[in-house]
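Here it is: the structure, laid out below.
Read from first to last, the chains carry the letters A, B, C, D, E and F; within each, the first residue is number 1.
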């Protein structure tokens, strides 16, 4: 049962990634693209967790943690670039 | 040993002259003269031995593997030649003392002259053909320097270059010829080669050898059609002309023909080429000489003609002809050197060398005139001078020579040449010294001092002596030298003015009579000759070279255009071509390893990656957008690494991606917005084709490899020994810090260097043009005024300790679980960069306590020191050790030197990353500040 | 026991994945940028949270190990997600203000001015010594 | 005490995070984590000036509970909106929330809470730090929503940051 | 292990320590830093000489880093060739270092000394390593250090050329990784000796991939060696580089050649199936083109540095003609020529530097300038350097060419080799005589601006003089050198002994 | 579809994109191209160890199936080196732009096609 649920869940996340990708491609506003990218990161974290569960392996945890911790840095940087041009002032 | 002294004396003089270049002219001349005189004395001391067949020899091994030894000998031919070189050299040195104007750099002049002398002596004495080549090319070089001595004169420079090009080029052909000769004869030892005529002449290489050797000899000896450089070499100071371009260097070609006569002569090829070339040159030179007005030009063309005579004689292939040639070498050296010096005196005293502006000098410069007339008479082949005897011998030999089946062809042409020689010689003697008095630029010229007069006078006496007492003065030497040339016994030699009435005498007398006749009606003949189109060799040569250089420059410029796009296109094309070649030749089929079926998630991720890649390409000039798509690729890569069992790679990828994006955004800030497209559609199509082919190729390689079964390899050992030998369960990390720690050491050094280079690039960017551009820099975008968004700032304050903690954790566990120094360092760096992002450069920089340089330096040192530590224990560099320790309360824990190494890694990585980003941020910040200062507030 | 655990885990998985999907669907279907911002920043909180809980339970039942470190992921996301949303909103406000965006930015229309003196921080730099001004000490 | 342990709460948090990461509670882990929990706050002190005092007692835990509950509830609400509400029927609003909190830490926490609960996003702060700009996805009565935010979150936060 | 046993790692550890130390000290005390830098250079030379002496017994020495035996760990392998290259690099480095300090070039940015030592680290590592991936790493080290050195002094032109140089080499590195990946995929090993064994054992199905791997690998080396047609990056890069740095770079293209000499007979030799002698059919034409294009470049160059760069191209072409026949005798000739070409190329750059420093605004442009101080001295040095570079007697260049001619006789394509060597030499002679007479003989017409702010010190003549003296020594001691070269070539062409030395006789 | 095919085709697409961009005329495009190329090369090098799902090379007694650790170590090294090179390239091209005022990789401009005039 869990196996099926895991695969359904992974399928959902994959679909979510596709939807993010569509928004990223489409835009139209820069804000939309950044949101889409940010969401992709979140979905990627979800996917990593699922991969870990599917494989019965918790060694991927750090990757998810790292992504949660630093994934937003690029989002912020993209935003700051638009807002200020110079991301470090 | 004496031979070695002979060879080295001139070179020692070169060094001495250069060392004393600021000393007096007297000292310079003394040094040079001493070298020549000493050499001459040494030579004479060995003359007896050389002539009696107890040939002095010396061999010093130099390049035994090549067969190039410093092997010298003094056979009669060498003796003759070396004697000429040293004897005339001595006279020229003395003459130069009087000739050079005060203030002219005698040391330079004489050192070049000595360099030349040494090289010539080397040619003469070499008993190894490769050694001879060394000296051969050196003479070209010395000649180049000497012709160009008056470097301010254009004709000197051009003449020098032309001489070097032609004789140096010939020398290169000679190199090929000599090496082939050595190959055919089985040795580079001259004595051996001379005994292998049969082998050489039977070799299929013989024609090539002959032609290449002759190319060397003919260019050096100014044989038609390679003669043209010689007249332009007259731009050299006259002592040089006298020495190099009449007496010695140009005779090196003749010498070479004589030297190799036993092994090369006697064939149809030899006879045909050498005789015809000599004959043609003799006629041509004489003909031109007759109508020149510059004294040195007359002498130059006469030299060409006389050299042709010698070459022709050697071409005949008979012993008697060889004797004639050898004797003429001596004669010509005497009278032609004398004549050049004579011309130099005239030039020196009257300021001109134009025959039309000179005349009647006999009355005011009697001594000069006497020696001039004497020498010219020798050149004309008049009795009782030496020139007469050798000319008689020549005519005698030509009378017996059949060319192209014609018995009369050679004698008639030889007579014609003799006629012309007599004519220009008499013209020189008569027009200059007799008739109406014309004195050039100077009102009352007079005989020069003894320094200028004595050397040519001695030579003129010699020319006379060679006629009056030929057997005494030259007989034994010429006989022995001729024997050396022919390789047989000494010929039955009778050098004498009178041989009775024979065809030669008749031809000679007729020629002289006709010459007188010709001079009598010189004017109309000259007018007629002037109509003959005479190509200006120098102009043609210069134009040809100029055209060649221009064409080559265009081609080379077109090829080496500064274009990265071209560099890369060619590189890709080459790699592609080679890959396709291999694939076509041997086929690259997929293997039979069972594939793994892909999950829908994987397919989606793949799709995302492909779409993002396409998007990056499509959005390439919308740089910001392209970067966002790059982020997607990075994300998918990280996911792929996780899916494919590489957590360390995933961690690294995630962290590196963030840092890279920050870096690119910082740079992007300073680049112009959206630039116009640069390349036209065909170009893009062409690049697209390369790109598609490259992609398919690499993809196929990957496919072929992945579908092949794994092979047992070294990583099995790594797996098995990771825990037991490396003390860690994360095999990737143990590989990085232990099995292949040496790679990692190199890798962090790369990173450290990158940091330094970046610092070096950005540190001075605030100055100069870049600084101005930075100050003028102004973004077109309107920006929000808020610098430090509150929520962001607050979050980073909490994140900093958290991130440092996570980083430390990742560092400590890296040996056993995914992680390690590199990833930890990236996390640390990102944590600090986050502060920069949130709170600005200054704020953060003030609070940072460690410099990047220190981090990089310390990191490399820690890593290296860890490696060196193992030396103390007698283990190789970078040997690790680890142990499990037990402490109360804490329990068991592991300590490994590899972790210390990893600490070094972390320091360097952090230093380099911070260096790159902080430096870049700082410059961006400076630009922003400059912008803010400009804005009205 | 294990059946119940399995059911709980499966339910959490489906819940989490479902919310993640709904969030992303919102990103696609909502009408304009500000609205779209709500999709992911909301649904993914619970979505990921449920998945992480599932993971905790899963590893406990399957491998018999208590892994609580999934909570850390949530912790970091709770710290970072609002910041991302805030910055993206700022980007949007800014872009609308400078006229870089032509289509309607939100159903809500342009944001009202705050009542106090001054404007929103994105449009007017905060002055020193007030809570909104940070990092200039 | 203050010099050794400038931020006890932060230190405690770090220790907990360390133990969570290590995924085990051993003496060795606690000692090692403890070292970091002591060192890191000290080391990062310059990067967090004017740190406000916080109470991590009942007020804080209560606040956490309420937020978690709200997140779960709001998640379902928003999911409903996304799935079934037509775009035209969305009642998106800008809310200008006046704030009484005075430290940036507290304001950030409030804004973060608002963003974490689905349906609302903290979009900006006024330049004087006294208003929060919140975008709400579907709000019938703006004033009521503002009042809810203030009473439910801000008052509690005021107690935490007392 | 005694300290002597660790000698093989010394040429790498010394600069690895010296670079950061000079970096850290340089910021405070320049003099100390320079002294340290020199000390490091001398120590490196001593180590290189000691290694050179050590391999005189013809035994190949292995040093297993981290005590992990080959093929599992990384080994350093010292044979005659490697030791000789170490000596060459150390000698050149000392001379260049001296010149940099004497002319103050090292002060144009404080990172010269660390970069310099890093560069040597990369070179020495590339010479010593017996591991393919490690070779990649050291290539990267020497490349990135060369970027740093190349940009030393900066200027817009240099920066632009720098971008091209860096990018091309990054692409080259990508190719290297692909080639290496293929080798690993086929053989599951990285140790070069082990690779040799395993490549020979590959089945027929893998031959295509093997050939691709071999060709790509050699392509990468060819890129570094500036082999036509992928030499295009080189002339501009070297010409834009500060001459003193370019002088050091003279050995960089030779590293590419070295890598070919090291890997081809060993891994892609007779037993390599489809990859046996892979570069052979392509290398000779490319080498011929290189010699011709190089000397044509010498003829048409507009500046002395550009000319020197083309001379380096020419020398590489000439060298590769000899290498391309893959015979012991020609290889020996090539090795001799390699040494002399490196020194001659460096000498040309240093002479260019000395001339530039005296000609003020005329710099190194091959145009007549007003008389300048030291014209005779620099002119004489230029003459000698040109003689060496073009291969006229009496210097080693001539000997080298003679060796190549002699050894290549009878090899496939020898007439082409001979014709190229001789014809290209003639082009070079014409080129150098034109430029030399323009630079040092011809005076600018009256009224031309006088030379502004020329350097007056004569200290900058010492280094070129030293190089020329070395060239003379190379000529005089040619017998000994050729014997050494022959022995080194014999080792290289006998890969079995290398394999046995690295992997042990048990295998 | 197999994983191997996905990876191989991804490599192909990345290489193609990388080469195409590397051949463009502006430094930033070239940098992007190099980035794509390095992704491709890393993936290639990784794939050379063959693809194994969910068996990270963490040593444990008795484990037989695991991914090849060596290519992973090599890729890690390559990623680090690539990062250093990328950083240097980015900054070098920026500096070059600041110095010369042009971000074109080649000095002489090609004919400019203005297709964004609209």
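Everything below uses one rule, namely that contacts are C-beta pairs under 8 Å (C-beta built on N, C-alpha and C of every residue); 3 or more make two chains touch, one makes a residue touch a chain.
Chain labels with UniProt names: A = K+/H+ antiporter subunit F; B = Monovalent cation/H+ antiporter subunit A; C = Na+/H+ antiporter subunit G; D = Na+/H+ antiporter subunit E; E = Monovalent cation/H+ antiporter subunit D; F = Na+/H+ antiporter subunit C.
Every value quoted in this text rests on a predicted model; they were computed, and no experiment measured them.
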Minimum number of chain-to-chain contact steps, chain C (Na+/H+ antiporter subunit G) to chain E: 2
Per Cα centroids, the chain farthest from chain E: D
Gap in Å, rounded to a whole number, between the CA centres of chain F (Na+/H+ antiporter subunit C) and chain E: 29
Gap in Å, rounded to a whole number, between the CA centres of chain D (Na+/H+ antiporter subunit E) and chain B: 75
Distance between chain centroids, defined by C-alpha means - chain D (Na+/H+ antiporter subunit E), chain E (Å): 62
Distance between the centres, which are taken as Cα means, of chain F (Na+/H+ antiporter subunit C) and chain B, whole angstrom: 40
Residues within chain E bordering two or more other chains: 133, 137, 140, 144, 147, 151, 154, 156, 160, 163-164, 167, 171, 178, 181-182, 184-185, 190
Chain B, residues touching no fewer than two other chains: 562-564, 568, 572, 643, 647, 668, 698, 701, 705, 710, 713-715, 718, 740, 743, 747, 750, 753-754, 757, 761, 769, 784, 786-787, 790-795, 799, 802, 806, 817-818, 839-840
Residues of chain D (Na+/H+ antiporter subunit E) whose C-beta touches two or more other chains: 17, 21, 23, 104, 107, 111-112, 122, 125, 129
Of chain B, residues touching chain A (K+/H+ antiporter subunit F) in the complex: 599-601, 604-605, 607-608, 611-612, 615, 624-625, 627-629, 631-632, 635, 638-639, 642-643, 647, 650-651, 654-655, 657-658, 661-662, 665-666, 668-669, 779, 781, 783-784, 786-787, 792, 799, 802-803, 806, 810, 817-819, 823, 827, 830, 833-834, 836-837, 840-841, 917, 921, 924-925, 927-928
List of chain B residues in touch with chain D (Na+/H+ antiporter subunit E) within their complex: 790-791, 793-795, 797, 800-802, 804-806, 808-809, 812, 835, 839, 844, 847, 887, 889-893
Contact footprint of chain E on chain B as seen in their complex: 61-68, 108, 130, 133-138, 140-141, 144-145, 148, 151-152, 154, 157, 160-161, 164-165, 168-169, 172-173, 175-176, 179-180, 182-183, 545, 549, 552-553, 555-557, 559-560, 562-564, 566-568, 570-572, 574-575, 578-579, 581-583, 585-589, 591, 698, 701, 704-705, 708, 710-715, 717-718, 721, 738-743, 745-747, 749-750, 752-754, 756-757, 759-761, 764, 769, 853-854, 856-858, 860-861, 864, 867-868, 870-871, 874-880
Chain C (Na+/H+ antiporter subunit G)-touching residues of chain D (Na+/H+ antiporter subunit E), taken from the complex the two chains share: 17, 20-21, 23, 49-50, 71-72, 74-75, 78-79, 82-83, 87, 90-94, 96, 98, 101-104, 107, 111-119, 121-131, 133, 135-137
Interfacial residue positions of chain E with respect to chain B in the complex: 1, 3, 6, 9, 13, 16-17, 19-21, 23-24, 27, 63-68, 71-74, 109, 111, 114-115, 118, 121, 125, 133-134, 137-138, 140-141, 144-145, 147-148, 151-152, 154, 156, 160-161, 163-164, 167-168, 171-172, 175, 178, 181-182, 184-191, 194, 205-209, 211-212, 215-216, 219, 223, 229-230, 232-233, 235-236, 274, 282, 293, 296-297, 299-300, 332, 376, 383, 387, 392-394, 398-399, 401-403, 405-406, 409, 418, 422-423, 425-426, 429-430, 433-434, 437, 440-443, 478-479, 482-483, 486
